[in-house]
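Next, two complexes with chain A in common: one pairs it with chain B, the other with chain C.
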Partner chain A sequence: MPTQPTDDEHGQPTEPVSRSAAGVRAGAHARGGQPEAAAEVAPSPSPSPPAPAGMRTGAHARGSQRDIAAPAEPAAPAAPAAPAAATTAPPAPASSGPAASSFGSVQHGHDPEAVRARLAAMPRPSADDPRVLLDRTSDADLFEPIPPYPTRTEREAEFYSLGDGEMFLNVGPQHPATHGVLRLVLKLSGEQVVDVDPVIGYLHRGVEKICENSDYYHVIDQVDPLEYISSLFQEWAAVLTFEKLMDVQVPRRAEYIRVLTSELLRIASHSLYMGFLALDLGGITPILYGFIERDEIVEMLASVTGARMLFNYFRIGGVNGDLNHEFMSRLGDWMSRAAKETEANATLLNENEIFVRRARGVGVLDRETALRMGVTGGNLRASGVAFDVRRAHPYSVYPELQFNVPTRDEGDSLARYLIRVDEVRESIRIIDQCLHNMPDGPIMAKLPRLLRPRPGRAWGAVEGPRGMMGVYAISDGSDQPFRFRIHDPSLLNLETVPLLLPGNLLADTMAIVSSLDPVMGGVDK
Partner chain B sequence: MSFATRTWTRMSIPARLLAIFIPLAVVLAIATVLVIVVLGGPFVDFLAANLPLVRFFVTATAVLLMTVPTAFVIIYLELKVIARMNLRIGPNRVGPWGAAMSVIHGLKVLSKEDFAPTGVDLPVFTLAPVVTYLASVMTLLVIPFAPGLFGQDLNIGVLYFFAMGGLTVVGLLMAGWSSFNKYSLLGGLRSAAQIVSYEIPLTLSAVGVVVLAGTMSMNHIVLAQSGSVFDWFVFKQPLAVIIFFIAATAEANRAPFDLTEADSEIVAGFGTEYSGMRFGFFYFAEYVNVFIVSALITTLFFGGWTAPFNWPWAYNLNWLDFSNGTLWVGIAFVALVVGTDVMAVLVRLLGGSTWSLPGTMILGFAFATVVAVGVVGLAGFIAFDWVQGLFWFMAKTYAFVFVFVWLRATLPRVRVDQLMGFAWKWLLPASLLNLFVTATAVVLLSR
Partner chain C sequence: MDRSLRRHLELRLATHLRGPVRQYPDQTEIRIEAGSLVEVLRTLHDDPGLRFEILADLAGVDTGKVMQVVYHLWSERTPDWLRVIVDGLSRDDPRVPSATFLWIGAEWLEREAYDMFGIVFEGNRDLRRILMPADYTSFPLRKDFYLPDDAARSPGAGTRHVERPHAPAVVADDPNAGIRRAPVS
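Presenting the complex of A and B:
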């Protein structure tokens, strides 16, 4: 008979909170009366990502004091005494402060009997009115900050106590401008951001664990939807790591095709980045121009890979299909005007006074902080560090190709944007060289049907549009990776948000977050 | 429980008000008709004796009714123009070229649930859109659309305009405060700060025109600009035009100054909690405001209804004998029938067999009607100076409406501190300088 989890049972008070995520609650309801089943599907506290400072996960955020009682509720039919305890007296962990007290007054039981009783006692316009009124007795609390759960750490207690003239503003996960399901709890003083509590995890799929239960072949399309607007780079990181594990020699033509297709996708990703940055600053036109570029590129890639978004194209030892006539004609068509069009799209913003004034000087990420926080990619290069995986740890045929690593020293939103503009130019150069140097030959290495690498471990990283996209895999000799870990640049870039936002205005929140270019699929994994 | 009681309890409060108001209006209308029938003579005498009052009621009603098609046209214009600038097609399903899209939008908001979230301050929440809308509509009362075609020729027209225009902020602030939503609150306070700041350069730049024209009456300001194009105040007040345009953009909450409803920051600003027709009023008010500030720029700086050049021919159709009314009705009828047939034949020839016979006739009738309206409009344009004045006024005004739409498609949004800094550090000194130079010049030249 499971009872309310207490500190004694679980050793630490945090665990019941994490096991009462929304999905788990839904599961418990669906299986009414089977608390054991509900307990089984409850995920253990997230093993990875390494909990960054000042960031919590959505699963935790949804937990609340009333949720602590949730696992006990399915027992209601069996034990009539339990629901009363669950609805009236949840185990209140020792916590103090205004936050906890205001929260404590909201007690909606999940027990159907109790809900029915509450509804019956409610004043309603007429007996057969189908509308259900909200409980107006708690109106006073509606405008108060409600912490997601009794604060557990000093940092949370500090954040959830308001100073004079401050207020909370919950931005996301359904805000129109947060990229995907990012949630930012802002503490505002007027329009100025005083503090920020980013909440992630709404899109968590446990993709690393899924990969550990997949064949080496299947990992490729499991990692595809991570950063869903630049799928080839995740595939490449996984494939590169597995090739290291298995000592596979990839044919040169395959390597050139990989470089060609992924640089195309880099341009597509950066086109969207520029458009979304402008959209978050209020300009509605550049995003549509960016989508035109991206659409031409994904159509081109669809003709060779068969998909527009989740390509599933790279294979261990090569690529899935050779370049075909349609791809080459589309590519030639596009390349003849690519340089001009991307320049024109960039000019739309570069020479816009309002855009430049809004992006310059906000969200300045200095060199040391960027290095300390593990920022990579364009965001790091905008802070003055010329780190590019393609040059620092060369892979594939990049040593043979000529391109520059653009850097800037300002470290602000504008610099991050301009780095992307420069990278598009360099990518066009790389594509041009690929087309000139493309060798003939096979596109796949000779490999056995069943892949069983020798026991060992490998790390492979590629330079994605957002930074270093890495995969670390351990093989135990079976046909599935024993351990599979993903280093996603979006997560590390997003971790700088609590450092960048305070002191800025609310209007710049989205400009800064957007300039870091997070993709929540990759952040939440 | 009876049917009536059950229906009554299920009705929302506005529906209950309507249920009281509509029978009352019917009864009052019948009573009015009866009064006119019974007391016909004295009633007409009363109206004749109180012509200004009658004029006020009639023009107020006309102006109120005018806002709806105006908003529809501008909404459609914006949908279509921005779509083209974004390399999209825009609405193209409802009506020819999607032209009925905004009518459908209007019907949609009308048919939505009248919903107020828990926790709102209901009276304020309900009144806010009305205040905003009425503040917009009331400013229309003093705009001279054409010679003789205006609501009221107030001798303090410009002052009245700014006073009523300033009331918009009250509605937005009410909406922001009563919505019980922090996004709304931020939007409402932003709009208060923004509109109050930009009122000052807006008004000061218009004072230059008032100094030049020597009057605050809108009609006399237009008359002061009649003559040639170079009598327009835009050539005497170039700086004021720029200041006025920028400030008017901010006043109308249009891009790049649409901070009150910045969707990437504060979801929909003051309108976050509004839906249905309550939202519709805000939406209408926004586009009516666009029209109004365009009309004001036209009136103050671009000559109002005056033509940019003089016509080489006389405006009269005296050679047409209108004395025989029946004959002209017959001619119009025959012309429409013949025109319908001619157009139907044209449709058949050009469109081939894609249209059925009834379809061809209907389309032919529609085209013939358009041609007839065009011909009658042209005749009116030549014959009546108010038709001509209306044409020029609308042409100029919609040119500025287009510029507002164009700005929205082009520019990102400014930040709130930049917005305020620009108003106080640049626009205010510039408008003061403009006023000083204008006043000095007027004093020196008149000496």
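Presenting the complex of A and C:
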């Protein structure tokens, strides 16, 4: 129903701020063709009691179904006898159009039993079904993201109470700018963000549980889809931990191949990062170049691993296949112009005034806060801490390779972007050294078909494109890990969002989130 | 394996350690009880000889008998990862003080451990479910939560090693058998 009659009935106009989202839609419905429906609402003798909390909730994903069904229930037996009930579910006239009559509308004089049966047989519409809007008593609550349960924690109570002139805005989980299924509940004052409550878990698969119920070899392909953009790193963390658990000595050639392939993938991941960051600031071009770069690299890796995204390439004790001619020729071809092309791609943004102005000084994360937040990777180095697992706790053959750990002190979105640019340059250097120093020899250690490590514990971490990826594994002597804990940097990077957003404009929200580079596959596990 | 770290830990944390300091090739491990966690973490973080500034990970563990919370720390003073195991939490009511007084970022890690194991972190101001739905009632990474998958229920369960669960197969006709519904506080 349109908002207007409801407001008149209660004798109080809706406050302007909370209307701003729903008001547009209210107008749309009024035009949608049932102004007479308002007249049919029986004037109740007393103001209708406020709806219970469960019914007033809005588009909260998990509460919505209950919500939609609610208005129909009191309406069914109500019709002639109790006019007060009509305010909760106003009867729509038969002429109000096919949409309204097909969902939940009750006509006078009908058999309540038949109506109930018809309602029960009807498929329950989803929250984004446009017909749902027509059966609302008020659409002021449509996009209220208040969860359908009493607040449980101090922080939640603080967040879900609105101050003067504030409103909630629900972004995601299905939103093109949220980098996957991230849902942000924003508390806005005008156009300024006051507070954020990120809601995650939409992509949760229970990978840790799956890994604890699968063989040591099977774990590798289970962890692949976590960071689907750069899956070799998560494989590496798992494989590294298992090798510590079993005291496996990995052949040097295998280590070099691991470094070579994963550094290539780091460049691919950073190319996408730069593109998406620009995309969220309104620039289309860099993402196209980013995808060109990434496509060349994943095609190259596909020729050696057999897959473009979920490689399943690293093995406990080595890698799955040796470098082949196709890979080497593609790599040589790419390396001959990589440095020049990445510089050109970076110039596209570095010298773009709009990009620099919108990224500089936005979302500043200072050194102390970054350390206390547990942020790692480029986001931490952009805040002035030279923590790179490749140097801080060297693994594989990184001690033999020469590269710098770039740091910056500003800690803003621009610094986080520039760190990635520098890392691409360092990665090209590392790849170059790998090609020159690549030793001959086997690519796999000799291991039994069925691995049963001795009971024990191990922690291994590698430096992924987004930060430290760690795995904590416990063996109980069987062929499955007893506990397999995955530490993903994206979770902690995303956790800083509530610290960085307040005070910024709504338009900068996604620019800040994407400068932190979360990958929801890893966040949700 | 950093011998000096071991000496330092034994010196500073002598009263809190439960069991010897264990050392692995690149990891050092200490075991403490929940009561001394705040003191231990503060010492590890602030002591000028230790300076464990980065909380690398916080993981819950269900050993089947007790619960554990495992912290991994990094310091530039030592080449080792430090593993702090808070041992001996009761499975019925596991409670640990929160680490958010040192690392705010532990808030979500603790929420995750709560979500998966039901471990209550006292002092965490936002201890609610994070990955599972809000109305979920069990704790899926506990060892008494079995995966009711087809393989475990099939007549051939256990004949192939990958299909054998850690615990006995669940009853065939009830898909929810074996899932312990833990009370939510």
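The rule is simple: the second predicted complex is superposed on the first by the 383 of 525 C-alpha atoms of A that agree within 3 Å, B and C clash if a C-alpha of one lies under 4 Å from a C-alpha of the other, contacts with A are read in each partner's own complex, and residues count from 1 in each chain.
Assume contacts are C-beta pairs under 8 Å (C-beta built on N, C-alpha and C of every residue); 3 or more make two chains touch, one makes a residue touch a chain.
Note that the coordinates shown come from a computational prediction; the quantities given were computed from them, not determined experimentally.
Undergrad: Mind working out whether A:Ala461 is in touch with chain B, chain C, both or neither, as first, second, both or neither?
TA: After superposition on chain A, A:Ala461 lies in contact with chain C alone.
Undergrad: Contact-wise, after the overlay, does A:Arg337 reach chain B, chain C, both or neither (first, second, both, neither)?
TA: neither
Undergrad: Given the touch rule stated above, what does A:Arg367 touch, chain B (first), chain C (second), both, or neither?
TA: neither
Undergrad: Could you say whether A:Lys446 touches chain B, chain C, both of them, or neither, answering first, second, both or neither?
TA: neither
Undergrad: Which of the two partners, first being chain B and second being chain C, lies in contact with A:Thr153: first, second, both, or neither?
TA: second
Undergrad: Counting only touches as set out at the top, which of chain B and chain C does A:Tyr472 meet: first, second, both, neither?
TA: second
Undergrad: Residues of chain A touched: more by chain B or chain C?
TA: Greater contact footprint in residues on chain A: C.
Undergrad: Regarding the shared-chain residue A:Gly283, is it in contact with chain B (first), chain C (second), both, or neither?
TA: In the superposition, A:Gly283 contacts chain B only.
Undergrad: Would you pull the chain C residues touching chain A in the complex into a rising list?
TA: Against chain A, chain C makes touches at 24-27, 29, 53-57, 59, 61-62, 70, 72, 74, 76, 79, 81, 83, 102-109, 112, 116, 125-135, 140-141, 145, 147, 149, 161-162, 165-166.
Undergrad: Can you list the chain A residues touching chain C in their complex?
TA: 62, 147, 149, 152-156, 200-201, 204, 206, 208-210, 212-215, 218, 244, 369, 371-376, 387, 392-393, 450, 457-459, 461, 468, 470, 472, 474, 478-480, 482-483, 485, 487, 491-492, 495-496, 524-525
Undergrad: Please give the residue numbers of chain B that touch chain A in the complex, ascending.
TA: 1, 6, 9-10, 82, 85-88, 118-119, 180, 182-183, 186, 190, 255-256, 258-259, 262-267, 408-418
Undergrad: Which residues of chain A touch chain B once you look at their complex with the stated criterion?
TA: Counting only chain A, the residues touching chain B are 125-126, 128-129, 134, 136, 139, 142-143, 167-169, 175-177, 191, 278-285, 288-289, 292, 352, 354-355, 357-358, 505-510.
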